[in-house]
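Dumping the structure here so I can ask a few things about it.
Chains: A, B, C, D, E and F, in written order; residue numbering restarts at 1 for each.
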Amino acid sequence: MLLKEIEAFFEEDVGHEDYEEIVPYTSCNAEIHVNEEGVLAGLEEVKQIFDYMGVPYSTEFEDGSSLKSGDIILTISGAGAKILKAERLVLNFLGRMSGVATLTDSCVNAVRAINERVLVAGTRKTTPGFRKYEKKAIAIGGGDPHRFGLYEAVIIKDNHIALMGLASAVKRAKAKVSFTRKIEVEVESVEDALRAAELDVDIIMLDNMSPAEVRTCVKLLNERAVRDRVILEASGGIDIENIKDFASTGVDVISIGMITHSARWLGFSMTVV
Amino acid sequence: MLLKEIEAFFEEDVGHEDYEEIVPYTSCNAEIHVNEEGVLAGLEEVKQIFDYMGVPYSTEFEDGSSLKSGDIILTISGAGAKILKAERLVLNFLGRMSGVATLTDSCVNAVRAINERVLVAGTRKTTPGFRKYEKKAIAIGGGDPHRFGLYEAVIIKDNHIALMGLASAVKRAKAKVSFTRKIEVEVESVEDALRAAELDVDIIMLDNMSPAEVRTCVKLLNERAVRDRVILEASGGIDIENIKDFASTGVDVISIGMITHSARWLGFSMTVV
Amino acid sequence: MLLKEIEAFFEEDVGHEDYEEIVPYTSCNAEIHVNEEGVLAGLEEVKQIFDYMGVPYSTEFEDGSSLKSGDIILTISGAGAKILKAERLVLNFLGRMSGVATLTDSCVNAVRAINERVLVAGTRKTTPGFRKYEKKAIAIGGGDPHRFGLYEAVIIKDNHIALMGLASAVKRAKAKVSFTRKIEVEVESVEDALRAAELDVDIIMLDNMSPAEVRTCVKLLNERAVRDRVILEASGGIDIENIKDFASTGVDVISIGMITHSARWLGFSMTVV
Amino acid sequence: MLLKEIEAFFEEDVGHEDYEEIVPYTSCNAEIHVNEEGVLAGLEEVKQIFDYMGVPYSTEFEDGSSLKSGDIILTISGAGAKILKAERLVLNFLGRMSGVATLTDSCVNAVRAINERVLVAGTRKTTPGFRKYEKKAIAIGGGDPHRFGLYEAVIIKDNHIALMGLASAVKRAKAKVSFTRKIEVEVESVEDALRAAELDVDIIMLDNMSPAEVRTCVKLLNERAVRDRVILEASGGIDIENIKDFASTGVDVISIGMITHSARWLGFSMTVV
Amino acid sequence: MLLKEIEAFFEEDVGHEDYEEIVPYTSCNAEIHVNEEGVLAGLEEVKQIFDYMGVPYSTEFEDGSSLKSGDIILTISGAGAKILKAERLVLNFLGRMSGVATLTDSCVNAVRAINERVLVAGTRKTTPGFRKYEKKAIAIGGGDPHRFGLYEAVIIKDNHIALMGLASAVKRAKAKVSFTRKIEVEVESVEDALRAAELDVDIIMLDNMSPAEVRTCVKLLNERAVRDRVILEASGGIDIENIKDFASTGVDVISIGMITHSARWLGFSMTVV
Amino acid sequence: MLLKEIEAFFEEDVGHEDYEEIVPYTSCNAEIHVNEEGVLAGLEEVKQIFDYMGVPYSTEFEDGSSLKSGDIILTISGAGAKILKAERLVLNFLGRMSGVATLTDSCVNAVRAINERVLVAGTRKTTPGFRKYEKKAIAIGGGDPHRFGLYEAVIIKDNHIALMGLASAVKRAKAKVSFTRKIEVEVESVEDALRAAELDVDIIMLDNMSPAEVRTCVKLLNERAVRDRVILEASGGIDIENIKDFASTGVDVISIGMITHSARWLGFSMTVV
């Protein structure tokens, strides 16, 4: 976390509060504990926030640790005024990031029970301004963050195809984009999947298909030489319930928006002791 | 939305992409539609983003409108390259803000069915950096955003009381904080609620009590003259299921973290037509 | 003070000066002394500036200390180049903030000589970009900073009333603003003061009235039950000369723009020894 | 004014207020008038602020205009919500900048009555973060803004001389600073003034001398050939009372901190009509 | 270009100059012409700068146009004060960006004379803070910008291999990095090139090899099935003289730092007419 | 270097990379060496970057040191992940700044061989956003950075004269610009040089003249009394080849754009040992 980010987060929550110190600077101890089981994420950020404030802490956990209800994930010792000033900010980081990591972990576990090699990936459906931390939480939860923004891998989506046509869009991307970046195509039918495969792209996203349709696509593509050069990704309409059905289709990656857009926070509290 | 915010959001999603225009600048039309019913929020922000880009649009909706699945909430007409550049950002604003507004609206409706005058309020459990928009979505959904940050109303919470004691904390707040700001005290027992009432505070938060305990507190406080000078707020452990039980206790406000920390997004898509 | 603020202040005064070090880095001692009597403010900021530079200092004073001419408020020991680089910035902080604190202190003393319980409060008439420090200086001088910005307490002023009418403006504020924020109404006649009292607002500002008019208002309001729920504030045309006349009117608060808009700086100098 | 400055000023005064529009967007007219006589400054900034908001205005004045009490310096026509949002910010710009311009104008007039060619100059004793506008107000008031920061002309001051000695400091400055920048030396005695003159500097500041001492210095320097290559500046302890005494000493420039550090605001108000 | 970038560039060159308008606002015409032949880049940025200032312009050129000495690339019409304020900034953009584009174009032409399909690519050897524009200039000159930063394709370089070993570094990258990003390995010997090919990476950079060594590597790799899945890139010690020798080796890409780190500016001037 | 600059430079090169640590944190040693002879610049910046990261280093060099090929200018010891994260940024600083310093040094040496007292100065032809460091590199190479931006010395150039006329432009500058700033006039003929001398300016730039013309100008001006009050600067069309011819003309300063706009980088590498 950059210093300027930490300062911006404090400005949002604390503002101009410098001159009204209700809480005395006398030293105290505090604990942060978790109220339910899950996967810890955000701890690194919390440590950086307390480092910025000059408040010492200790912990036996690390990002990615499995948590059970009641675990004390951090003990802090320092000026009461500083600890209470940081309380809400650090709990918000832990709550949001661990919520994403925990839901990702559930999806990953569901998928791995079927096929160890299938990746669970995120999307760009993230809270504006907070993507960096939500993507990191996906990685901590065992998922693949997927491309970070438009400046990474190119994805030719339905709207691109509507504007330019599939073949033309791929051609244009190859001409305009650095060879260092992958090109992915989003298709919604078996026919388009086969056409995309002929265009020599790096990744084919099978979008909004049923598990049966995905399975058909994979089967047809497995019969072609291009298969070992292309990654197959299923996406669209996938949730924690039906993800297992996609895990057995033979795709390499399942991307799933709900791990960010529908993750509820994990509950954490801070207690002065 | 400030210009600098719009630019920061584009930097996050689009980055340095200026030089690689895969999508041509030829003009096209696009529609944003919603995929499920809910309450619209984020439209004002979307309009400001398209204004910044110089892309014209029209709409028959406004923030707070009730949506049914399939409603076209915005039609856009402009350069394909610009519209696709903004696609994910505007959908993320709509998805997150409408998700919060829709869940708030559900809570408000549940409460109003019991008592028209009880407010449903948010908390500071918001995504770091995005509070302004989540608080606004609460207001659009019919809720009360509650205090924005530490620099608004003072709340004496459990940790403050642990450090300073209740009476001493209130005294200190009155001495250090401007008379223009309200003072709220968080209590966890009937006894503390009565003690807080004697300290002449503006708001008493009955925290982590059962509906029955809340009802008892309200009843005892209703018998006192201070009652018409103090606002009573229930908080802690409240969700969409049990919120009705709190609505009938006689409190003035029910604050509920889940409308931000557990709201899932409302589904929106953009289609080039 | 945030790191980014310190850097912005140095950019204003020092600019790109990195490469032209006229002053050698050899160590020296320096003293900051005050040239007249007053109340010290800005010391905390000065210490943060020297902390940022890694320059050690010591002091026997603190913000709020009474100063007499010649007091050495800080002794500094470090690289000459660094100390001279900071000289003007730290003197400007001390001069401006102590100037505001000293004038506030004078007003507070004048008022307290009449009535111990009357607050002296500031306004939003502050130097753009520097409000945080001027408000803090008011607090250090014994005053009440009053609301920090439009996002704190709502004040219905003459222009609001001209646009919406008094009752309608108050109603609108109550509907649109969180219950956590106070509502204040600015009135210019006894009649309006009484009408405002009936609208159940938190604060009534008696604006641009003579002490006699203020006294009449207070007297009439004291006869009503609402008086113990409403704070009365006198404002407009008050200065260090006539403030005592307002102090005896029975109002709770006297707000006074001159403590920021007409405060002259307190004189400080730095001497290398 | 940069867009980012306008946005920062609004953030200070208005904050996150977007979602709570108490004032309706219905159109209205407003006038800004001045309550006392003085010199107008800040009008350019006010116009830029209303431009940013898209609010039309008209005026018959310009920065530098002489104002008499009651003059309407700007009429505005637009959404009530926008006008009231900008009210305090624009009044603060006008009040502070016109205050500085008016006091500068008084000093300039006092000096010109004695000697038309003597400049009245400012110092770096300005409010941190607001120097650009205070220096501009000095220029509008007919003064010379003097150097803006350490990155402009080099001034060898008492503390530099204490650290390095006069001759050595000048030598070092000449070696380290671009030939495009002037070198000024601050002296406190006739002897040092004569020594400085021999060091071939561009400006000699006669600091903390009485008018008589200044006159002596000027006289002695006038006898030397160097005089037509060096500018003589009196500084230190000068105020609106004694400035005339310095105006007749023969110096070229009188610099005076009080035009920024002791200027009170000029009174402006906005009225919705 | 973002608004905040334009403002930062003006702050660097113009600073606080608002109040000292030496140049009158009277309207004038000006022309920007080029003083030597080359490839135009930076025009888009120049247009955005004049758009920001509200200064109209016209042009018959576009980025990528071939220029001959004396071509007038832009005619401008507007306030003299604004045009001269922007003069140096726009010339600096044109000079630097066109310099990079022109040198890139020379390299591309040299390579294409040998083999039409070989790409000329840049590196991260760019001026800190200005990479976005230098990479764009490479693309305008017909080159491939290569990865923009560490957050795009992963490159396992000599120092990574020294720390972790080749196989282990690749394995770690595959485990830690999203499947959406390519993995490149930098090797300095034929043996390592063959080993890298077995690790199933996307790109192999043949670093600091002679054309003969590169040719050997390519030949050996061409015999393997992996060849159609891996891109071969030559890098290190390549300049405008020897680039043709690399063009005939069979590699797919030649990356060359000198197109940014050794490009001299193309000469442009502005003339008021 | 400000903290915010360091963070911006890392954002450009490293981005959101926090969560994908390919390189382990195990400690290692690394060396930065130079691959050719030249003058070192940028070392101070490199040290500040490693300070920001908390990575220790040692060096026997300083900015301005003469380097021979193979010199190890810095040894670093710390976490591998941190060192590799900083590698490209620090090499880019060293390469660019040392390139400018080295070319400046060559020009300075060429000039000094003819005349010890003639200064070699830079221009404003610098990479947008990086001027501060390029100007500093000029100073380290023994040159004079010349004015930093429009806010320092005023230069009346050809376009100013075209718009206002020479005499009128100088008059306007004297009226509008602080006495603390120098006024320079750019002339392109002997006649204009003589006219400028009569206008009592501080510096006359003899622009785009041949050495013979410059010599003539200097000779004519040497005959006038004004000569000891005015600095003469040759500029335009000067390069490392012809600079000696200008050195003997009698001018005081030779300014030369190529030391920034045509400097190629000095080669540096980092090796993990």
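Assume contacts are C-beta pairs under 8 Å (C-beta built on N, C-alpha and C of every residue); 3 or more make two chains touch, one makes a residue touch a chain.
Note that this is a predicted model, so its numbers are computed, not measured.
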Query raised in the report: Which neighbours does chain D have in common with chain E?
Result: B, F
Report summary line: The chains touching both chain B and chain D are C, E
Requested in this report: Match interface D-E to one of A-E, B-C or B-D, accepting only the pair for which over half of the contact pairs are the same residue numbers.
Outcome: B-D
Report task. Please flag the chain sitting at the greatest distance from chain F, going by CA centroids. Result -> B
**Report entry** Chain copies touching (chain A, chain C) - same or different residues, decided at half shared
**Finding:** different
Report task. Report the inter-chain centroid distance for chain C and chain D in whole angstrom, where each centroid is the mean of the CA atoms. Result -> 23
Report task. Can you check how far apart chain D and chain F are, centre to centre, with Cα atoms defining each centre and the answer in Å? Result -> 32
Query raised in the report: Rounded to the nearest whole Å, what is the centre-to-centre distance of chain B and chain F, using the mean of the C-alpha atoms as each centre?
Result: 53
Report summary line: Each of the following residues of chain E touches two or more other chains, namely 3-4, 15-16, 20, 131-132, 145, 148, 151, 178
Query raised in the report: Every touching chain pair, please?
Result: A-B, A-C, A-E, A-F, B-C, B-D, B-E, C-D, C-F, D-E, D-F, E-F
Query raised in the report: Tell me, which parts of chain D touch chain B in their complex?
Result: 3-4, 7, 10-11, 15-16, 18-20
Query raised in the report: Considering the complex alone, what residue numbers of chain D touch chain E?
Result: 1-4, 131-132, 135-136, 139-140, 145, 148
Requested in this report: Name, in rising order, each residue of chain F that touches chain D in their complex.
Outcome: 119, 121, 144-148, 151-153, 178-182, 184, 203, 228-229, 231, 252-253
Query raised in the report: Can you name the residues of chain F that touch chain E in the complex?
Result: 8-9, 12-17, 20-24, 26, 28, 30, 80, 84-85, 87-89, 91-93, 95-96, 99, 124-133, 149-151, 154, 156, 158-160, 162-164, 169, 172-173, 176-178, 258, 261-262, 264-265, 270-273
